[in-house]
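Should a chain be cited, it is by its letter among A, B, C, D and E, assigned in written order, with residues numbered from 1 in that chain.
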Amino acid sequence: MTIIAARRYRDGHVLLDDALAAASPARPGEFDWIGLVEPGIEEMASLADRYGLHPLAVEDALTPRHPPKAEAYGSQLFVIARTAAQDKNDALSYGQTAIFLGDGFIITVRLGSPRAHTDLRSQLEILPERLAEGPDFVLHALLDFIVDGYDPLLDTLERTAEAMEDRAVEAFPQAADIRRIFRLRRILRRLEVTAGRMEEMVGKLAQSELPAIDARARPYFRDVYDHARRTVSRVRGLLDALGNVLEVASLLEQSRQGAITRQLAAWAAILAVPTAIAGIYGMNFEFMPELTWRHGYFIVLGVIGAICALLFWRFRRIGWL
Amino acid sequence: MTIIAARRYRDGHVLLDDALAAASPARPGEFDWIGLVEPGIEEMASLADRYGLHPLAVEDALTPRHPPKAEAYGSQLFVIARTAAQDKNDALSYGQTAIFLGDGFIITVRLGSPRAHTDLRSQLEILPERLAEGPDFVLHALLDFIVDGYDPLLDTLERTAEAMEDRAVEAFPQAADIRRIFRLRRILRRLEVTAGRMEEMVGKLAQSELPAIDARARPYFRDVYDHARRTVSRVRGLLDALGNVLEVASLLEQSRQGAITRQLAAWAAILAVPTAIAGIYGMNFEFMPELTWRHGYFIVLGVIGAICALLFWRFRRIGWL
Amino acid sequence: MTIIAARRYRDGHVLLDDALAAASPARPGEFDWIGLVEPGIEEMASLADRYGLHPLAVEDALTPRHPPKAEAYGSQLFVIARTAAQDKNDALSYGQTAIFLGDGFIITVRLGSPRAHTDLRSQLEILPERLAEGPDFVLHALLDFIVDGYDPLLDTLERTAEAMEDRAVEAFPQAADIRRIFRLRRILRRLEVTAGRMEEMVGKLAQSELPAIDARARPYFRDVYDHARRTVSRVRGLLDALGNVLEVASLLEQSRQGAITRQLAAWAAILAVPTAIAGIYGMNFEFMPELTWRHGYFIVLGVIGAICALLFWRFRRIGWL
Amino acid sequence: MTIIAARRYRDGHVLLDDALAAASPARPGEFDWIGLVEPGIEEMASLADRYGLHPLAVEDALTPRHPPKAEAYGSQLFVIARTAAQDKNDALSYGQTAIFLGDGFIITVRLGSPRAHTDLRSQLEILPERLAEGPDFVLHALLDFIVDGYDPLLDTLERTAEAMEDRAVEAFPQAADIRRIFRLRRILRRLEVTAGRMEEMVGKLAQSELPAIDARARPYFRDVYDHARRTVSRVRGLLDALGNVLEVASLLEQSRQGAITRQLAAWAAILAVPTAIAGIYGMNFEFMPELTWRHGYFIVLGVIGAICALLFWRFRRIGWL
Amino acid sequence: MTIIAARRYRDGHVLLDDALAAASPARPGEFDWIGLVEPGIEEMASLADRYGLHPLAVEDALTPRHPPKAEAYGSQLFVIARTAAQDKNDALSYGQTAIFLGDGFIITVRLGSPRAHTDLRSQLEILPERLAEGPDFVLHALLDFIVDGYDPLLDTLERTAEAMEDRAVEAFPQAADIRRIFRLRRILRRLEVTAGRMEEMVGKLAQSELPAIDARARPYFRDVYDHARRTVSRVRGLLDALGNVLEVASLLEQSRQGAITRQLAAWAAILAVPTAIAGIYGMNFEFMPELTWRHGYFIVLGVIGAICALLFWRFRRIGWL
């Protein structure tokens, strides 16, 4: 199931269902849209031959973890985008879509990406005036679709981070929470790199003169660029927020331990009183006059109680208890 | 109440009260100022049709949390600004004003912003020579009004931060204070992003050649740019100040805990003396000569007192007590 | 006493003592130098009218805390510089000098700045060949004078920071010192912003083509730029140094507390020996053979002493005591 | 064994096995590929003379730790690349390859690099159409080979870092682990500098107009640039990860010490109860009524047990035990 | 001894030993090399007059701590470089060399720099073909000499830092070491600023079109630039390494204190057992059945021993002892 679709469009309408079977290339006003998933080297080679793709671009399209990029090869444009999807355990799984754009064709090569373009294709086929604009508008629709795909992930991550924040101001994070924050930061740092590259790539499409992209299409890429920039900014906000969680947690713990230290010191001082006094009257000297007093015991108990009460009151006053 | 106003001006004076009812567009020396609040998609579509607005700009104008930007669409200019207002609990609530600027018209679209432009409009209508300059001067007035709106918020935040600072040098912040600082930093980081985008947007208006903006208007945008830059600089100063508060608080607490540790150690040493000595004379050996001495008890009491006094004096001298 | 001076110069010599009374403007080879202190709006308005000053520049000149800037308005140049002076309690007090430079005139507007230009004026009037170069050389002299004014402040601050450093390596800073460092950092961060803006402003004068500034004057502004850059670099060095003080203080305190913890642990272990042993021989069992031994007491004392000595020796050897 | 190879190629096929013995230089369509390892100064001087190499480039080629660079000398190009290889104890050992590229020749000078180019040469000689492109394609093949050589090192380092991370979330790192992380960071910081310079150098080849490099070769250098950028990004990711390990370890330890402090405080409080009460009834007053009670001892034991149980239950409830 | 040398060279050979005595200036193919040390203002004034030096450059040449810079004054070039030399106590002492370069002359002005140019001059005079290139090659030789002079300092500092690192992984740094690191960082931060300015200055010479520098000399300045860049990179590496030392020391101390805390807690728990039990059997109740048991004492001793052994075994198992 490598070749998902291979249609030829004229003026935005499907002309051929199997463009690869056509003998002649697309004529003006026509273009082929070839969609591949995890293709083999030979299939790519035959396509490269048919459409004149650059071997370096073909190699990149088949490299599984290639960072996003946009590059011109002669009159053709080559783009790599990365899709992201929620995996279990907060993790994200990445996929890759490579796109070849030339005069009269667009070829998409998906690797490891769970989001098919089928819906997108149907959606575009309903709007022939959009498709009639040519393959650069298809490129825009694809990138818009991919960049939009980051939003639900960020929504989930922001909800997670907010829950973390709420918990952190209440108690020092459990070891499990610290580990989770730690994992989240790794995930977000990776996402920051990938989203940063996406922003860079879309920005290149929006700002530079590139082959196979019409001036009319430029504002559309600027619109995706806005979105990609916002994605990066959200990821950075999340990293900031998690850093904040750890910092506030550490400070609140410092404050709590300070309070406990003071409390401990106060109780240790209070309890040292009966220990020291009782120790003294527990000595076995033959001549210790107090021991023979009728009320010695009660006096000592009273003194101990009074000193302890006094200390308690003073510690409470300075806020240690 | 979507359409707040739709006047047509000629030479700075109101020509029509309902410009949308006019059959012909504004002539040279005239322009329409249409003010909308939370418009529906159909209303925007009819305006887009009437004034030739770009669909991507219309879409952005209706997107509630779009970051500030300035972008040219052909001969038109599209600007998004964000307003900020004090909410309860230190929080800020943001609103959005999108502005379409073209030959002979300016359209403003407010979403979620509590600050109406009515006063501004009246104020400008009193200065016909200003209005006569055309819609770019209206854009300037709007942005000046919006950027000025950040000042009272920053004044309040600066007063809050100063109070925090004053408290922090006196005592380790209460957990509630730490949480508040934590919340303030989140708020300020978000404000930093938004104000940074505002600065970028106004800077673009002040420095680049853009459609629909006269060279005569450029210095006016530079003036707003000065202000926007200063806003960003104040926000960063606030973030710095709050970081400082936490750092100084942590250091002062470290200093306080060091003092308590030393005090504790000193008292523990002093109190260990009677405990150890009394423990020894509390042993039940049959032959312990000191126990039979006539003044053994008083000698021991004296020795204990002397050692404790000596220790107390030494600890005081090295500053532990 | 708003208008301090209003002279007209020709070829570097005073031509008129009250240039504002003159009917005709300065001719080629002549220029007016008007000096104002805290002027009112009307005075400024009349000057603006006479010399064709831009209303935005006039407004900025009257705004008390405007950040430094250099901006061209048509054929005129507008500059704002900030002066700094030592206040009590390490604080700095800022003043502001706004300068309008045009064909045949220079106007200076001081707000809140305690450093008068009178001396500078006299100094320049002694060097007619300098004054004969025109108002751009006056601008240079003013900025040179203002930037030079930062040096004594930085000298004082550097002496303060050095004293702090010397104290910090000896003992953990007192709370009062921490607070002072904290205050100094706030002061320096603000100074960094202001000096950074001064550098940016002078750099603009030194590097860009600006109206009213001769190519011959450019090297002179580059000279001031060198100085402004060095000022910023000194401020950053001071911030670094204070950060260092806190870091080293914190580390040295950590080291001291570690030593105390080890000492405490060692003494606690040593003192636990007599307490535990004496406790055992203080039990009241009827049959405890050691209690009846002739030398039991002295043996126990000896054992206690030996164990304590052994522990003491071991702790000393591992450096805890 | 200084000169490893000195072949002359025509149209991608070996023409001469000892190009240095040839009287005439390479003609159009021909080029010499001279491979040297640790050459002496005289050998380099004779080559410099034969091919017109710049003395500064020759000096750099013989400088053992020269950072990567690409520089034009007239119509020739000079490149230095660094190879890295796994050493024992996590350490990396670096080697250096200097490359002179001119009209009709490429000279490689290896210093301290264990990776020979022999395989690469054989590989290229099998693809005559590649060699026929000229010496710039040989340069590309060399750089591609060198940059690819960083990958296995990074794979190893990433596995090491991951194992560190897994250990760190379980227990505070042993001193040996901390030292290893510390060593790894030093190694990675150095690698970051070297890889950054490699990226800069390849980027220069990919983006600027340089002598001796054909426009046709540009995309090939961009491909290596992609790879070099990714290398830098991986190194930074590793540094981030190790920083994270230390931070999370420190926080988890803070959390563990907090727990131990609370536990200690709780047990100290519980054990203070029998000590204080027993101390009181160990006093030797003649008149202490409880001592004569029939069940006094058991009552006291019961009271002690009850208070301890109550304290235990309360501490457990607040999570200290 | 202000004027060290004042020779005139023709085609790389000494023509006159006292160029200042010559009536006519240097002709094409000739140049004067004037070397001054700590000159007075009048000497400089007479030289400025003779060679047409710009007054601002002269002023900078006499300013003792001027940061490195390169600046064009008309057809002349003015350069300031800083030399560094090892002082005692890790400190560095800086000197300054100002260089005026014009058509037919080079003037060097040394302030506080202990490294004379005499050797360099003799060295160059042996290579007449080098001197024959003109004064720009003398400038190159001077800067090469000065930048090379940073290497031995960095070698020393790197050895110091390495020794610090080795000590830090073994024990928490002594207060004296912390102070030394602290001092080193101050020294290195200052060196970073100075070396950064040197790099900037040499980079300007290597990259921009400047007066009095031939295109032929450009590669030579690029070579010095390589070196200056590497110097900055080494200084930054040193700062990084020292930061690392403090961080690892702090973490290892945290680990050590954690271990001591656990050990203390364990011993406190073990020793609380005899204290508590002995305290109970030290009470003076008349009726305590265990006291009358024949083997009560030994049973209690056994119980105490057993509990202590059990605790010891458990603490050992969880790694606290």
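One rule holds for everything that comes next: a contact is a pair of C-beta atoms (placed from the backbone, for glycine too) under 8 Å apart; a residue touches a chain by one contact, two chains touch by 3 or more.
Keep in mind the model is a prediction, meaning the values are calculated, not measured.
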For subunit D, the least number of touch steps when starting out from subunit C: 2
Classification of the subunit A:subunit D interface as same or different, half of numbers criterion: different
Between subunit E and subunit A, distance of the C-alpha-averaged centres to the nearest whole Å: 40
Cα-centroid distance, subunit C relative to subunit E, in whole angstrom: 25
Interface hub residues of subunit A, defined as touching at least two other chains: 256, 261, 268, 275, 279, 282-284, 288
Contact graph of the chains (line, ring, star, complete, other): ring
Running round the ring (origin subunit B, first step to subunit C), the chains in order: B, C, E, D, A
Subunit B to subunit C touching residues, read off their complex: 165, 169, 219-220, 222-223, 226, 229-230, 233, 237, 240-241, 244, 247-248, 251-252, 254-255, 258, 261-262, 265, 268-269, 272, 275-276, 279-280, 282-288
Footprint of subunit C on subunit E - complex, ascending: 54, 56, 59-60, 66-67, 69, 71, 73, 172-175, 178-179, 182, 185-186, 189-190, 193, 246, 249-250, 253, 256-257, 260-261, 263-264, 267-268, 271, 274-275, 278-279, 281-284, 288, 290-297, 300-301, 304
